[in-house]
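There's a structure below that I have some questions on.
In this document, chain identifiers A, B and C correspond to the written order of the chains, with residue numbering beginning at 1 in each.
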Amino acid sequence: MSKQLNASLTVSPFFLFFLIHSTQTGVGLLNFQSKIIKGAEQDAWVSVLLVGISIHLIIWLLYFLLKKSNNGDIMSLHQQLFGRWLGNVLNIFFYGYMLLIVSTIIRSYLSVLVTWVFPFTPIWFLSLTMIIVISYLVVGGFRVITGICFWGMIIPSLLLFTLYFQIKYAYWTNLLPVFNHSLSDYIVSAKESILMYSGPEFLLIYFPFIKNNQISQKWAHISQAYTTILYLFITVISFVYFSHGQLEHVTWPTLMMSKIIRFPFIERFEYIYIFLWLLVILPPCCMALWGAIRVLKESFKFKPRMSLWISIIIVHFMVTNVKSKMDVEEIGTFITIVSSSFLYMYIPILFIFFLIIQAFKKAKSVGID
Amino acid sequence: MSFKFIDRFLNNQKSENETKSIKTIFQQAAKSSDFHQFSLSEEQDITISYYKSMVDPKKINDLLLPSIQEHIKKISKMNDIKKYIPFEDVHVTSNPLDIEKRLIKGYVILQFKASSEDFLTINVENANLGYRENNDTENEFSVIGPKVGFVENIGINLHLLRKQIAVPELVFEEITIGTMSKTEVVIAYLDGITNPEYIQTVRQRLKDIDFDVIFDNSQIDQIISDNSNTPFPIFLSTERIDRVIYAMVSGQVAILSNGSPYIITGPTTILDFFISPEDYYLNWVLGSFFRIIRIISVIFSLFATPIYVAILTFHYEVVPDDLLEPLISSRAHVPFPPVLEAIFLEITIELLREAGARLPTKIGQTLGIVGGIVIGQASVQAALTSNVLLIIVSLSALASFTTPIFKMSNAIRLIRFPLILFAAFLGGFGIILGFVLLLGHLLKLKSLGNPYMVPLFPFRIKNFRDSFIRSSYKFSTTRSRFLRPLSLKRYTPNQDKDDMNNE
Amino acid sequence: MKNKDRNSDYPYKLIEQNYRTQNVPIPTLQSFLFDFYGEGRDPSIPYLKINQKGNIEVEGLAVLKKDRLGLILDQKESFLYKILRGRVIRGQTEFNIHKGQSRDTAILAILYGKNKKSIRNNGSKSKVTFNITVNGMVKDFPDWLDLRKKQNNLLLKKQLEKQMKKDFEKLFVKFQKQQVDPLGIGDLARAYSKKWNEKEFYEKVYPTIAMEINLKIELSHAGMGE
């Protein structure tokens, strides 16, 4: 039962902070404000907060499952619970989920890029360059991905300082009145904010790569708390900066917010946002692609190089086949459903199933005695 | 004289194998005109042989020969000679291989009685012959601080090291590398401070080397590096004594090789290359300031030209009107796209640098003026480039030269070109893609198995006190933890605090 | 200089200059969209005009109602509006002074100030309160008014406060009559009531809403000529 790989491959538990936080932030941060405002309007920040807190519970469940699994990852857990054959089928679904994450992130980012910067460049070209870069990083292994997670958090965090400009123009009365919505409104907003919190599920794959992973849970929760606070902060800033009606008309509020920033040498600051956002989306992309390869390796003993080729071809195919903006919206809605049902339904089901099997085993062993 | 000697060996049938090989050694040696062999005295039958080019003739004429002749009557066996001659490095051996090796190194081989199997080897090597006596650190210059650098002679280099680190913990391990050059390579480290893992790694990698002639330490650097497919230097090579001492004191291993004035130290991290010893000689405020300037200049040097290309090719709307106007008017008559313009100028600067490096110093200076002023001015007037780009390119060239280590500054200059191409293809997106690839590459690199990016990644907040800034000596009392030294403490500073009331 | 000699960004710079020192309230696209899409507020934009000499100048402020022109404010109203709107409180205007028999005009330049709005929601008896404190200086005042004397200073302050208060109220009534809400009174009402309906508010409450102004003027550097 070795759940931890040898020391040269692992990273210290402190890096869980960056691993979890960086894989949570993504393209969703550019446009979540206009989505979550649909339900609870100016109170939607409550939903953001509540979802953030609920993820703590999910992380606890993930840790519970991982500690009990054979190899400390979902592949072995599936095989352990459902047998080799059925377990591998589930692993393939998980593989598909990983690739879906990569494709959605790349496609959504490219749609920002195409709209703002490169209206004439074909999607396949941009997609190819991005996939090549991601593959280069993935080939470097988990340590390099951790490094990307680290830098993918540190460098874009500098952008937080530019929020000062928005605070100068804030209308704090936008947040009033508080709590004048019904529960169903909050739920609508909460549903929309789940996607940007998704990311802790990668823990199901990279858990064996964490040094002393049994006691690393603290960092996962700290990271999640930081994410929650950050999202809450951005939500509040957006709500006070935009009027309610305006937020409904803006596609990428975060980018629109950055337009107010003025320096003597930069006129359109949103370009800096768009380009630096590559660093924000790289961690989840790399992690998901690396995870996909690892799923194939662990469950089917595929050679990593071959599964990398297979995976990036599938991803490229998926990215280029999402043509119009409506399709991007649709794939976004789809992944929201997949992601939220994975986190809020599949993980608890696994947990309950695990408990049942354990109880069954116990009863059996007692019976034998 | 020599014929007589050989004849004697030919007649000697006693021990066929050994004598034969010694005989062949001398035969082989006799082909060279600088090989000397003669009998000192007929009655005692002492034969002396040596390479004239390797020995110190003064020592032979003034010390060796007189002392033997003086006591020649009392000599009856080999050990008697040993007693009378004023040399330390004297050995009795019968191994022909040993004899051959020492002969070449500049030992005198002394044979007592033709029948004897034992030979006396006396070290009269003229080690300083052909080497500079001293070396100014002209390639890694610093205004403050010692100007003495390492020289080609390893003996002097070891002497210089030992002079600075006057503790017995300083260990030199010698290995001979090079099937033809037989270069002495020394691993130097501080016992009880340097992590034995690094020493073992270096030892192993050096032992695995199979190479013919080691011209310079840089070759060893390349052969033992963790990743040879990188423009970045994996080990730090320097001619400055203080740099090597500092590295060793911090817990690094130093590798010296005979014939090379450059000494390599490892494991290094990327920030080591932007540190100048001068930072430590100035007070910490100035030291930190210059260090930050140096790091900013690297960033500027890497990204200035690509950003220019990206903005003028794709994103001119990013620049405010007031700034865009001079940009556009300065390249109004330039017929090329920005990327060609930029590459043309960058290559011009590279040519100037390369030509300047190959030419003698005096002509090199003239070249700088010709290149800088004449070509620059003319190419702007001929509308080959714009004024603004000329400024950017020359500034970033200037900035890249602030890096104290030559190999690192070369790497930075090289990396600009792919970044310019990325910028030309995909604008700002290309630059950030290039940056990510660079980052990924740096994250992959290791030096002696130690990550290249520490303390930036893996993140070590405590080591930041001596990385971007050079904090006061009061705070840098410990060694960097990422080098995993056996003892962390360097010194205990005086606890005197600045007393506010003490006027 | 004729217009054709000027840069295309001349209007941009003109408006910016007027925003920084004169009577144009915040003119950014963001603030326009904020008001335009926001519920309970109407947008306003600077109103430019080509004068007889053929130069562009800022005439005042255009207040939009939905996407149509609702009202044009002149320079003085624009100045008052800028103060009522709050945030950047700056600008200058002419006003009358009198002492005994003497009558004249002087210029008030506002340097900075504070504006706090509050609302009491009570159907048709609703009331908005503006608590305004401004710091300014008086320029080009007549010779007979010696501002180095304290009572003159006080007199000036009182007259100013009275006049401005009246002007504010006039402007507010004008907004009510024209059914435009560039001050965002509707938004303020929304923020402080549990249930709020835009249409209902503008049909029933807005025309009858009362206004109270607590104005305090601090005159600094008074008496200094240029």
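Everything below uses one rule, namely that a contact is a pair of C-beta atoms (placed from the backbone, for glycine too) under 8 Å apart; a residue touches a chain by one contact, two chains touch by 3 or more.
Only a predicted model underlies this, so the values are computations on that prediction, with no experimental measurement involved.
Because contacts link the chains only in sequence, without closing, their graph is best described as a line.
Set side by side, the interfaces A-B and A-C show unequal numbers of C-beta pairs in contact, with more at A-B. Centrality by Cα centroid goes to chain A. Between the CA-based centres of chain B and chain C the separation comes to 73 Å, rounded to the whole angstrom. Taking each chain's centre as the mean of its C-alpha atoms, chain A lies 48 Å from chain C.
Contact of a single residue of chain C with at least two other chains is seen at no position. Among all residues of chain B, those that touch two or more other chains are 321.
The touching residues of chain B, counted against chain A in their complex, run 314-315, 317-321, 323, 426-429, 431-433, 436-437, 439-440, 443-444, 451, 453, 457-459. Those residues of chain A whose C-beta lies close enough to touch chain B in the complex are 11-12, 14-15, 113, 117-118, 121, 126, 129-130, 133, 136-137, 140, 143-144, 147-148, 150-151, 264-268, 271, 274-276, 278-279, 282. Those residues of chain C that touch chain A in the shared complex are 28-31, 33-39, 41, 187-188, 190-195. Against chain C, the residues of chain A that register as touching in their complex are 169, 171, 173-174, 176-177, 180, 241-246, 248-249, 256, 259-260.
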